[in-house]
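There are structures below to look over.
The following pair of complexes shares a single chain, chain A, combined with chain B in the former and chain C in the latter.
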Partner chain A sequence: MATFLLRRLLQSIPVFIGIILICFALLKLSGDPTNIIASPRATAAERAKIRESLGLNRPWYEQLGRYFRGDLGDSYRHHRPVFSMIMEGAAVTARVAVSAMCIAVCLGLFSGLLSAYRPRTMIDYSSAAISSFGVSVPAFFLAMILTLIFAVHLNWLPIPRPDADWKYLIIPIATLGLLNTAMLARLTRNCMLAEMSEGYVRTARAKGRGPLRTMLTHAFPNVLVPITTVIGTDLAALLGGAVLTETACSIPGLGRVVFQAISERDHPVIIGGCLFFAVIFVTANLVVDLFYGVLDPRIRHNE
Partner chain B sequence: MSNTADVLATAENALQPRTAAGPWWALLGRVAANRAALVAVIFIAFLMLVVAFGPWLAPHGYDEQFRGAENQPPWTRMTIEYPENESQAGLQFFPLGTDSNARDTLSRIIYGTRVSLAVGISATFIGLLVGVGMGLVSGFYGGWIDSVCMRFTDTVFAFPSVLLAVAITAIFDKPSLWVVFLALGLVGWTGMARVVRSQVLSLKTRDYISAARALGTGTVRILFRHILPNCLGPVIIVATLSVGGNILGEAGLSFLGLGVQEPYPSWGAMLAEARENYREAWWLAVFPGLAIVLTVLAFNLLGDGLRDALDPKKQQ
Partner chain C sequence: MTRRIFAALVVVLAVSSVTRAAEGKKIFRIPLSENPPSLDPVQIQDVTSDGVARKIFNGLVRFNAEMKPAPDLAEAVPEWNTADNSYTFKLRKGVKFHNGREVKAADVKYSWERLLDPNVSQRTQILEPVVGAKDKIDGKAKDVPGIAIVDDYTVKITLTGPSPTFLLEIGMVNASIIPKEEVDKAAGAFSRKPCGTGPFKLVEWKENAKIVLERNADYFLGAPKLDGVTFEVIPAPQARLDLFQQGEFEVCDIPLGSVKKMREGHPEWISENSTFRTNYLGMAMNTIADGKSIPADPVGTNPKLREAINLAVNRKYICEVILEGRGKPANSILPEGMMAHSNDLIASKYDPAKARTLLAEAGYPKGEGLRPLTFLYKNDPDIKKIVVSIHHDLQAIGLKVDLQALDWGAFLERVGKEPPDMFYLGWVADYNDPDNFLYYLFHSRQWGEAGNETRYKNPEVDTLLDNARKTMDQAKRIELYQKAEKIILGELPWALMDNRINVILLQPYVKNVKGKLCPLDVGHYLNQIEFSTVDLEK
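What follows is the complex of A and B.
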């Protein structure tokens, strides 16, 4: 186990180095950020001054080397440490992402299991229809519709504004929660139906196990591996910031921070954001892999 | 004894993919038997007609402004106070209302169909080229080439796709439709690469590939004549599903202001404009949004229908 962990952590180092190198190279190729930061009428001397204050006049290996010493630097625009900007955005995003995922796991598994328990019935068809709609709706449209219904029409919730307070996060949480519910419900249903046609399920039923019990104690544990994988990657994607939902609900999350940085050519924030995504993704994959061993004893990590 | 060359020629012939219309018609029949997929096909055909005949179907121009008729609710009939030309004089009808620039929502949605479908299909095509190429190479050669390709695919997949597309559009100075094609295509090929790779992995060990090799068929010919045609089923499914995904992607980029530029309409851009006042003028958000949902739903249902039709387990 310890060797497995250690090996995985070592394997992720090249990923981080690669991401820093690729981001750095792409950003250098995308042009001089002073063109956007300086006013169009700035003189050459003023531009040179800006370049100096941002450290852009130093040799490239010094600019790059900083990242390998773990120093993300300061934002070009906001003159604040990148690390704290990202952490502030991530704190808001994490609240939304984790709550949305909790909703999605509860509702998605429940409706998927219900569909698989009574396949080809009204319950199954209506749940499938709702799921099909759910995977076809743009997140920002759903957020706008929920705002129209619950904030404007029914007046139950406040109109969204750039605030990280819980009451302003309910609509984005519901939006992302419902969208992920649709995906999980589809996945659970399909995996369960495939599993229910296996021989051991028939054997269990033949031995007199009730249908519900067979489903929950025999078939369900066997679909946990694919479901955990999807939950892990979806949660990682949500933690990476849902730019569209955050824009639609005007919440100051990580997606917004990085989106703004890209539009403003704020290079240190972009690189910091990319590294953060990489850390999230590698961690999520690692946790999922560790769970595999718990969920399925046939998967062992020691070889 | 028949001569060896003859046997080899027959073998080579037998290895050719069947090009008769038979299997395609059978496939079409199976798709049509699925009611949801049939409705989806009809809806997509309808969208194609809207794309082709948009300018004739749209009651007004996409940038035609009716001064004095700002933010009218759906089903409004009114006389324009300050007609700008003769065609605006008299009673005007706005079935889906007007926006804050006094433009007809229905006409803008009709013109927006062109953007959505053009991007959805072209970006899928770019994704198809990259994904199929990557999957073929990765699966066929294996070894370190496979490892490098797949790590690269994983990295692109792991990235938040909207932000990656935003970054690609940011490299270009001016946002335009071409940049959107390219960005979505370059982001959306990962699923295709994985599917093609897994197909190739299983196909390349089959006897008919060894037979083709024994006949001295070159690698390129094996890849394109013997392996690729047998991956077609999964490729078609993934491509159909990714048309829907790319339409969603275009809407998202336009929503962020990176797609087609004003005054030309796109469904996502219409929703972005609606952000200002959709709380009062709900129709500005609801109709373009429904257009997106229904179109994406149609492509998803068609993709699901194709998957069922091509699934050997479900064939009687």
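What follows is the complex of A and C.
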């Protein structure tokens, strides 16, 4: 186990190096950030001073080297440490993402199992129709529609705003939760139906096990591997921040921090954000891999 | 069960909203479109940060209703001393910073030397006319001899020569007076822990979410009538409007497309003011080839082509239909209400028939023989609507136009380095002086990214603008600027588009704001309003 962990951690180092290199190269190609930082009336000398104070006139390898030393530096435009900007955004995003994922896992698995238990019935068809809607509708649009209906017209919920109170997070959490529910429900249903046609299921049924019990105790554990993979990557994607939903719902999350940085050419924040996404994805994959061992004894990490 | 949970949720929400209203404090709530990048005066250059900071800080002078310099921390606006090119400021006595310490002359010296320090400041040019400023900016000197402390309440500012705009420059938020000990205490984070002398002081700043200010009971112009001001970051324009309509904000902007609805449905909310913002279609006048400037082909070399473009655009349609009445066709570079503005200029006529004739006279009948012209604009849905309308008008006279959208940074870089044939931009004055328009945008010294993006060059205009900078005689300056503007408009480096009208929403119970907004108030942050006088009468 320890060897596995160590190996995986070592494997992730080239990933981080690659990301820093690619981001840095792309940002350098995208142009000079001074124009956005400088006042429109700034003279050439003043712009040169800004470049100097941001270290943009230093050799490229010095500018790049900083990131390898783990120093993300300060935001060009917001004049504060990138690390704290990302952590503040990530904390807000994590709250929404984890809540949304909890909803998605509960509803998605339940609805998927229900569809698989009663395939080609009204339950299955309506679940499929709702899932198709959920998979196809864009998040920001759903957020706006939910706000319009429940907050503006019916006045049942408050309009989302950047407040720590849970009541303001209901709409964004519901939006992201429902969208991920749809994906999980479809996946669970399809995997379960495939699994239910396996020989061991028929054997279990022949030995007198009830249909529900066969499904839950025999077939379901076997579909958990692909489902866990999807939950892991979906959660990682959510933790990276949902720019559009965060904008539509005024959530001060990571997606907005990074998006704003991109439009402002705030290079340190963009690189910091990308590194953070990489850490999240690498960790999520690692956790999922560890879970495989728990879920399926055939996958052993010490070999 | 579900019903019960839902009922419980409704009760919780109802109770929490009751407690919110029951606080009974007079809080002025303003939605922000973005988190202010910095509240350190020397770093501020955007309307949002300025809107928050002006409630926290004061400078020596401020702008009065006529946008002329008026006393703020200074007892009076000083007279210009021609003998030694100086201003002597007498400070009000007993003015206290938010930390309780009295403002003294040494604070002015500290704040302004900091404004000249390029390591922290991004607005060093404001104090450039001060003796010794250049050495400080270049890092050659620590002290600025032009800022001299006479006694605890007197500061003498010596300039290198007459500077007619100096008192206006220092009326900007960047020249605010701040306490050294708080800057030191914040250890590089003064932009997050601002401390000034203003009517409100910062209590809490949740990044990207909320900024809470509370009243400064010791404010030198009298304790504010409000208990506090809160700003909330709501990036989506429609969400801001929805919240305003639910009574969650006292002021709000209006997303494009909703102005008509608001005017008709809620005329009691509407507040309008003209602004010092001129939008224009810039045309490439000159370009650099082999280190020399030559007229840019074809727009810069062909005045008739520029005139045809100018006559082809239907500004009335843009102002009335696209902007929903939030602009009026601009006839002069200097907006209405600005010093030296002239009503006699008519720079924007709409005459497509004449435009076609001129195009033929320019050598391109129906646009034949002319390559497609590049038209660059900032990638923004609202600007795109205007640009598409201009594009349509230009095509109607036979011009082939290649529209290109770029994000703001790339747009500025492209326009600053090498102007495209045409580009759409706007300029908002920092204060009421033509220098802020004409010098920055048309003097050949300002070529490229410094402001003169069309690379307009006329030695006569340069001389007029330079002379207007050297004299303190306002009547003479007006004459010089009017002359310069006439010459510039005759050569048409810009096809003027519109002067923007600021239309915002204000709750009817807000007192002392409506009717007091000046042309420097762009947007809904009420930047120029003296906030200690604002009240809510619910």
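The criterion applied here is as follows: the second predicted complex is superposed on the first by the 297 of 303 C-alpha atoms of A that agree within 3 Å, B and C clash if a C-alpha of one lies under 4 Å from a C-alpha of the other, contacts with A are read in each partner's own complex, and residues count from 1 in each chain.
One rule holds for everything that comes next: a contact is a pair of C-beta atoms (placed from the backbone, for glycine too) under 8 Å apart; a residue touches a chain by one contact, two chains touch by 3 or more.
Just so it is clear, the model here is predicted, and its values are computed rather than measured.
Q: For A:184, decide between first (touching chain B), second (touching chain C), both and neither.
A: Neither chain B nor chain C is touched by A:184.
Q: Would you sort A:97 into first (chain B), second (chain C), both or neither based on which partner it touches?
A: A:97: touches no partner chain.
Q: Quick one: is A:35 in contact with chain B, with chain C, with both, or with neither? Answer first, second, both or neither.
A: Touch partner of A:35: chain C, not chain B.
Q: Pick one for A:19: touches chain B only (first), chain C only (second), both, or neither.
A: A:19 contacts chain B only, not chain C.
Q: Quick check on the superposed pair: does A:86 touch chain B, chain C, both, or neither? Answer first, second, both or neither.
A: In the superposition, A:86 touches no partner, neither chain B nor chain C.
Q: Thinking of the overlay built on chain A, is A:144 touched by chain B (first), by chain C (second), by both, or by neither?
A: both
Q: If you stack the two complexes on chain A, which partner ends up touching A:277: first (chain B), second (chain C), both, or neither?
A: First partner only, chain B.
Q: Going by the contact rule set out at the top, does A:135 touch chain B (first), chain C (second), both, or neither?
A: A:135 sits against chain B, while chain C stays out of touch.
Q: I'd like to know which partner A:162 touches here: chain B for first, chain C for second, both or neither.
A: After superposing on A, A:162 lies in contact with chain C but is clear of chain B.
Q: Chain B or chain C: which reaches more residues on chain A?
A: Partner touching more chain A residues in the overlay: C.
Q: In the superposed view, which residues of chain A touch chain B and also chain C?
A: Shared contact residues on chain A: 30, 144, 147, 151-152, 159, 247-248, 263, 265.
Q: Contact residues on chain B for chain A in the complex?
A: 151, 155, 158-160, 162-163, 166-167, 170-171, 244, 248, 251-252, 255-256, 268, 271, 274-275, 278-279, 282, 285-286, 289, 292-293, 296-297, 300-301, 304
Q: Which residues, counting only chain A, touch chain C once they are in their complex?
A: So the residues of chain A touching chain C come out as 30-33, 35-47, 49-50, 52-53, 77-80, 85, 88-89, 144, 147, 151-152, 156-163, 165, 167, 247-250, 252, 256-257, 260, 263-265.
Q: Could you list, by residue number, the parts of chain C that touch chain A in their complex?
A: 10, 12-13, 16-17, 34-35, 37-38, 40, 43, 45, 118-119, 122-125, 137, 189, 191-192, 206-210, 232-236, 238-239, 242-243, 246, 248, 407-410, 412-413, 416, 427, 430, 440, 449-451
Q: Quick one: in the complex, what on chain A touches chain B?
A: Contacts found on chain A: 15, 18-19, 26, 29-30, 132-133, 135-138, 140-141, 144-145, 147-148, 151-152, 159, 236-237, 240-241, 243-244, 247-248, 255, 258-259, 262-263, 265, 270, 273-274, 277-278, 281.
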